[in-house]
Amino acid sequence: MSDPFFHPVSGFDLPRFAGVPTFMRLPHLTSDHPRFKDVQIGLVGVPWDSGTTNRPGPRHGPRQLRDASTMIRAQHAANGMRPFEAANCADLGDVGPNPADIPDSMARITAFYTQLRQAGIRPLTAGGDHLTSLPVLRALAKDGPLGMVHFDSHTDLFHSYFGGTMYTHGTPFRRAVEEGLLDPKRVIQIGIRGTMYDSEDRDFAAANGIRIVPIEEFFARGVAEVMEEARATVGSAPCYVSYDIDFVDPTFAPGTGTPEVGGPNSYQALQVCRELEGLDIVGADLVEVSPPFDQSGGTAFLGVSIMFELLCAMLAK
Amino acid sequence: MSDPFFHPVSGFDLPRFAGVPTFMRLPHLTSDHPRFKDVQIGLVGVPWDSGTTNRPGPRHGPRQLRDASTMIRAQHAANGMRPFEAANCADLGDVGPNPADIPDSMARITAFYTQLRQAGIRPLTAGGDHLTSLPVLRALAKDGPLGMVHFDSHTDLFHSYFGGTMYTHGTPFRRAVEEGLLDPKRVIQIGIRGTMYDSEDRDFAAANGIRIVPIEEFFARGVAEVMEEARATVGSAPCYVSYDIDFVDPTFAPGTGTPEVGGPNSYQALQVCRELEGLDIVGADLVEVSPPFDQSGGTAFLGVSIMFELLCAMLAK
Amino acid sequence: MSDPFFHPVSGFDLPRFAGVPTFMRLPHLTSDHPRFKDVQIGLVGVPWDSGTTNRPGPRHGPRQLRDASTMIRAQHAANGMRPFEAANCADLGDVGPNPADIPDSMARITAFYTQLRQAGIRPLTAGGDHLTSLPVLRALAKDGPLGMVHFDSHTDLFHSYFGGTMYTHGTPFRRAVEEGLLDPKRVIQIGIRGTMYDSEDRDFAAANGIRIVPIEEFFARGVAEVMEEARATVGSAPCYVSYDIDFVDPTFAPGTGTPEVGGPNSYQALQVCRELEGLDIVGADLVEVSPPFDQSGGTAFLGVSIMFELLCAMLAK
Amino acid sequence: MSDPFFHPVSGFDLPRFAGVPTFMRLPHLTSDHPRFKDVQIGLVGVPWDSGTTNRPGPRHGPRQLRDASTMIRAQHAANGMRPFEAANCADLGDVGPNPADIPDSMARITAFYTQLRQAGIRPLTAGGDHLTSLPVLRALAKDGPLGMVHFDSHTDLFHSYFGGTMYTHGTPFRRAVEEGLLDPKRVIQIGIRGTMYDSEDRDFAAANGIRIVPIEEFFARGVAEVMEEARATVGSAPCYVSYDIDFVDPTFAPGTGTPEVGGPNSYQALQVCRELEGLDIVGADLVEVSPPFDQSGGTAFLGVSIMFELLCAMLAK
Amino acid sequence: MSDPFFHPVSGFDLPRFAGVPTFMRLPHLTSDHPRFKDVQIGLVGVPWDSGTTNRPGPRHGPRQLRDASTMIRAQHAANGMRPFEAANCADLGDVGPNPADIPDSMARITAFYTQLRQAGIRPLTAGGDHLTSLPVLRALAKDGPLGMVHFDSHTDLFHSYFGGTMYTHGTPFRRAVEEGLLDPKRVIQIGIRGTMYDSEDRDFAAANGIRIVPIEEFFARGVAEVMEEARATVGSAPCYVSYDIDFVDPTFAPGTGTPEVGGPNSYQALQVCRELEGLDIVGADLVEVSPPFDQSGGTAFLGVSIMFELLCAMLAK
Amino acid sequence: MSDPFFHPVSGFDLPRFAGVPTFMRLPHLTSDHPRFKDVQIGLVGVPWDSGTTNRPGPRHGPRQLRDASTMIRAQHAANGMRPFEAANCADLGDVGPNPADIPDSMARITAFYTQLRQAGIRPLTAGGDHLTSLPVLRALAKDGPLGMVHFDSHTDLFHSYFGGTMYTHGTPFRRAVEEGLLDPKRVIQIGIRGTMYDSEDRDFAAANGIRIVPIEEFFARGVAEVMEEARATVGSAPCYVSYDIDFVDPTFAPGTGTPEVGGPNSYQALQVCRELEGLDIVGADLVEVSPPFDQSGGTAFLGVSIMFELLCAMLAK
């Protein structure tokens, strides 16, 4: 059981529109806080989108996700889990990026997450564009390559863009495999779709043993069967979960930079998380929420609902 | 057959964007009108949201629903019913609330609906937040407790909010059961989901015999099977139908105050109404449409499409 | 293989938000261009909505569709087709309409498409309201009546509006049958739904042998089975494909003038096109995209995704 | 003093968001109503925009203006006038147009206003695009040409568009002068600005004695001086007031089809109406409010504030 | 000079879109924090709108204002003041209201502000609707009635609404005068405009010596002269400043519930605050910012710019 | 007189919503086009915002500006100039940036503009964030430092951000002075306002002789007097004009990343350009239009109206 210090205030007591918005109304701690050492799960924002090759905006994601997250209550409806009582959870604030310098920003992120790893805090990240996952993995994969369940409409396995630029939101997992942060044979990418430049990314996947589940297969086989394969692919060793909001159909999640039509609905968006139970998740992220393209906040509300599911999955082992 | 006085003008004659917008282009009557006594189904707006604990706005619902309703035509596509010919329908205007006084507003609403009941007019209500249903039920349940089919993502069965406040949009059906307006054993709540405060509401339901169909069960069993159970639960005695627009997934109905992701789509939103045929419906409502959170009007158009289905269901016995 | 002159620039080289937006980044040619004679598939805009009886806006469709179309890449994800390499495709610009004169506009459109037919260019049109299809068919059906696969929520088979007006977006296919441009026995209309004025249009369909697949049947039988019937209905003779964006549920495609709730989702919206393979398609259109009712551009992005599918279908025979 | 039958309900009694929205909460009468003969000022909607050469939408103007108009209260703040007590005012509904037939629509409008003129009712019109003014003037100028105060950023004095089309929203006053409905020497056009096609319209004005006040002169001389000249130009004979919402800077009134930046602010938008006092106004209109381009409703609220000022001016003689 | 503990982080170090959003990036303290006793100016949110008679939404004001406030930097451009160095400023969080109980909410607010007064903290409040000012004044006016500079388009001096409801956002200053919280002879209301119900509020003002400056007088005399009179009216004794965002023209501040066109622009909105220098301000508020009616956030950014000016004015004596 | 090849089509012939949108409907040429050598004024887009320290989006500016620019007609209303007849103007397309590499993008921009300078084409640029001006100046200032008239709310004279990053949209003119591209004594910055980090930028200006006109001085002295000083400051030697859209009040131009309230209105936004007549302008830009923050397009339409004024100013010497 968690310490009451870490329990969010209820909407029965303080209306959900009130108060300074932290993630899920958790206490906001920085590393110099006396209770920092007691945190088990840290919710972290990475307001950064310099790796974006198309429409920008995820730098504004963490703030809108915090705002929407005050709508989240304490208990999971389907399985009854109460995650804030199951572990000490806290909002650890944002990693301050340098919007005009990609290497500097990556170094800052890796340093921040290294500190968490050393403190024994498992991170649940709100991005940020998908390049965010790379510096996070550099901090988390210190004990060997990780497996990964990856929800997305894109593989993010490209070699480079614009004549040789190696670090963009379309390349993080190519780099992560090259750097030995991921074990490609324990990586599964689910929901891939959309018009393609060419087959370069899929050739890389095939050559390295990464499993790709295209959307047609996802719909044909169904959530339960695909996720059973996902668990089998990743196995019992430590793994990471990376959830790009553009996995979901853009009608349900318009606030993102590179939408691809014809994706899962919001119910399936939650269901896939519920099927992660049993994995050894060392960290997870929800990335590519871009508020300027959905000022209604609907994408962010779906995003924090997914984050709540990921949090429960991290605690369900 | 209805009197031509009560027939809406066709969009073939007057374009649908033209004219003062009444519900479904029906004549607008007040109780002092000579034809009031001939009305069989009264469409009524209750522009009131003082019971809202979260995001306000349903006070603007009736106006936007009237605007959208001029898109509705005369005939049901699937079953061929022409409801405006089947009964004398009219727009009876809005109940004037007192936005700064909840008890006063509830008294005004009950008085208005008592007048309808006494005139033999069955009401189809456009809310308003869900507290609206309570003063309406106080007027309609004069001859004994009613059954109810309730579409919603929330049970609205809580005891109180904010340290003891008994009348909010999260408590109407707890009050209605306590006041003997509803027979809990003839009440079914369909679509329940979303993160939970705790289990207090479901404990109340279990203790009183209210049937809750969570969204997971709804999707697993399908519309036809769930609605068959709904009809069996309610039986042939008089019943009420209460439809909270947040039953529908918020992507299809963003204009509402307390959305919960992962709900039914717009086709299912209509289908459940078509499966009400045969019930003895003494009144129905569509509540929690909040225009400020969907200025596109899409929620309202779905809302009036549901109202048209409810109207047909009220006439299909 | 197509000529490299006709290949779009890749988003790997020029970011997708850059450049003057032509359809799918294809070269923009007018009929006086030296390469005009080499074009095989012409993408054409018809920015015209004077036939609209309800909410206007499709005159702005082609521009927003061009803008969104720069998100389209070169290769189909599911079948690997690379249409811009399979044929010489080009953006042939817009037909200039006369917004205040319907007959004049129809004459201009027919003249433009006659020129294309004479040059051996198959057109893929971005409307425009649905009246657009009539003057296009007048140009294309010179060698006898065509079959047609028609995706829509409305039949567009009405006789007239407003006391005898014969040319509106609700009448084009009635006129086309009367004028011998369509062979009604080879016409199938899929997705029909929404409240109805009366049964006049369906009576006309029944009397002439037009096959209507209501949305209830569409969902009950599924895409594969319905489309198998569609191919059988149309047969191997030349046909036209007309895709009204309001075929899709308005949550997925809000930017249209006469939405009807309860329609297909975005995945189904694409799937139906993939099942057109093998037909002899002499032309296709995507109509009724109305940007003022969806400034987010989501409808347009779905629209161009559909146009990409139609393009592949036109090349898949 | 007016009859209490014609007094709007106060927002102190019925909240302003409640009730079926008629213009300024006035009673809605049609010509067959027993009190029709007692009406002195008739507020009329003309939901029509078929004359629009650019961005459409004013067909939706009357409805949004009615909605916004329930914010209007009973008394003028600056001069204390209470217009609804000064005369019997009523909402006379909309003229039903034929969106697909310009001559038919013009005939319907002229017929409607002829009926008003014959009943001694002075009209205050909510358009509709600016072509609306022409068929209205045809009904009102039965006793000889009228003077006119015209607020606009365009002269609307062009000969024709698109190769000879004579009836568009850019030509009504050219036609009105040609038809003898306006006395050009008693016409003043205020606020003219924006890039120009050429000088054809201004040459026509100069040749016929129409006074044009460009925006530069308007700002340099100020409201009081310009309006003094306007009153002198029009004189004491009967006149019409035509107010195109695009007279106002588009930041204050974005909901219009052909905006021109650099115009008057909202205070000046009202002030010019207050300076009409003393004119013999036989009718007035507020046109070109296009809701699809301002879903916030700000333009409509400014529009009805202008209509309230025009109403007071009509009663201030 | 203030303690560096209370200095906001600079946008040069942490990008302005990063971090948990507190008011102006100040430290967030609750009353149990060890540094609470050192606070001199407390920024407080009151997310409450139950007194709203028209369009709701100000309950969401504090959150959006906090979000926008991270755009505020450290130094005043015109006078060079650095307020966060001039005094210890802090974000003291929100007063938790009871949205469904007006008396309970007022008691909570008065209790919160009483605690601040007792701790010697001067409050700068972000509302909330204008009823907020009444319970705040109840806490602050313990040593005798206060003077007040009041910027608004409405007097908020009405007796009651809806048949006798005494506590709404249209009545706070009538109550405050009656309760002896304000000295009416030291109260000035600036910017009053808009259509009026009647003259009841102005009669009350006249009878009690409250000075009303209508907008026409404001524009005719100019900011400097009007504000000189304001300072003379209020004098050197303690006073309160209440700023309703609807003082500003709704084009500049659309996010409010009861807009009135024809008001000051954004430059004048700031200038009036700069002319408060020298007054003995015991507290100030900025109320009626309603985010649902301006999701762009422009109103909130203007609002926090005004709050920054009010903060400087509170420190400029 | 210009060649008719370079004349835009008129809105009298082709409706303004029709056609592939190039800047002001000019012909779109690339450097390999046979008429490239005849171009005198080149309109160029730079869709790039990697230097943005705050809210991103100007990478989408050129496309939205092109779209809005089809509303521009051929003749200046106030002075009668017809710029497209006065010189051969063309849309030269966009410079393709590398969104993830600032130095690479700057090199691409400088190379593109060097080509224009060598061809004798004067550029009128649509940005892009304000860092765009630096690589443009590197190409244009080959013959010695330029003077500059700079409209902005910020000086953009900072040394660095985020611990030493030298190239952001807040530093271009510091760099330009350091690199000898600008003669600081011939530079004037007009409209400066907003809260300040500190005085570092103004100290740099003072030390180098750059003239800053704060907004308070701008309003106090008026457009004519300030611009007279601007012309005197810059003198008759070659100069550049840089116009940041955030010079204008954000109510008139919300679509920008770092708005500052209290700025000029849209009329003043145009007037300042008209007062540039007589300067020897070697190039001009309009930057920081950020479409995601104003999807209405109002900012872009104001932006292209400013570009039209700048074009006339470039031709008015």
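Note that the chains are named A, B, C, D, E and F in the order they appear, and that numbering of residues resets to 1 at the start of each chain.
As a convention for this text, a contact is a pair of C-beta atoms (placed from the backbone, for glycine too) under 8 Å apart; a residue touches a chain by one contact, two chains touch by 3 or more.
The chain lineup, named per UniProt: A, B, C, D, E, F = Agmatinase.
Not measured: the values here are computed from a predicted model.
A.B. asks: Starting at subunit D, how many touch steps does it take at minimum to reach subunit E?
C.D. replies: Each step joins two touching chains, and the minimum needed here is 1.
A.B. asks: By that same contact rule, can you tell me which chains touch subunit B and subunit D alike?
C.D. replies: Chains touching both subunit B and subunit D: C, E.
A.B. asks: When the CA atoms of subunit E are placed over those of subunit F, what is the turn angle between 0 and 180 degrees, to the nearest 5?
C.D. replies: 120
A.B. asks: Have a look at where subunit C meets subunit D and say same if over half of the interface residue numbers show up on both copies, different if under half do.
C.D. replies: same
A.B. asks: Return the distance between the CA-based centres of subunit B and subunit E, expressed in whole Å.
C.D. replies: 39
A.B. asks: Could you put a whole-Å number on the gap between the CA centroids of subunit B and subunit F?
C.D. replies: 55
A.B. asks: Provide the list of subunit A residues touching at least two other chains, using ranges where the numbers run on.
C.D. replies: Counting only residues that touch two or more other chains, subunit A contributes 13, 15, 17, 53, 55, 59-60, 99, 161-163, 251, 265, 293, 296.
A.B. asks: So with touch defined the way it is at the top, what topology do the chains form here? Options are line, ring, star, complete, other.
C.D. replies: If you draw each chain as a dot and join those that touch, the picture is no line, ring, star or complete graph.
A.B. asks: What are all the touching pairs of chains?
C.D. replies: Pairs satisfying the touch definition: A-B, A-C, A-E, A-F, B-C, B-D, B-E, C-D, C-F, D-E, D-F, E-F.
A.B. asks: With touch defined as at the start, can you tell me which subunit B residues reach subunit E in the complex?
C.D. replies: So the residues of subunit B in touch with subunit E come to 49-53, 55-57, 59-60, 98-102, 104, 161-163, 165, 167-168, 292-293.
A.B. asks: In their complex, what parts of subunit B are in touch with subunit A?
C.D. replies: 53-55, 161-163, 192-199, 214-216, 219, 249-251, 254, 258-259, 261-263, 265, 293-294
A.B. asks: Over in the complex, which subunit F residues touch subunit C? Could you list them?
C.D. replies: Its residues touching subunit C are 13-15, 17-22, 28, 45, 47, 59-60, 62-63, 66-67, 91, 93-94, 96-97, 99, 295-296.
A.B. asks: What part of subunit F is in contact with subunit D in the complex they form?
C.D. replies: It is residues 10-13, 15-17, 71-78, 80, 251-252, 265-267, 269-270, 296, 298, 301-302, 305, 308 of subunit F that touch subunit D.
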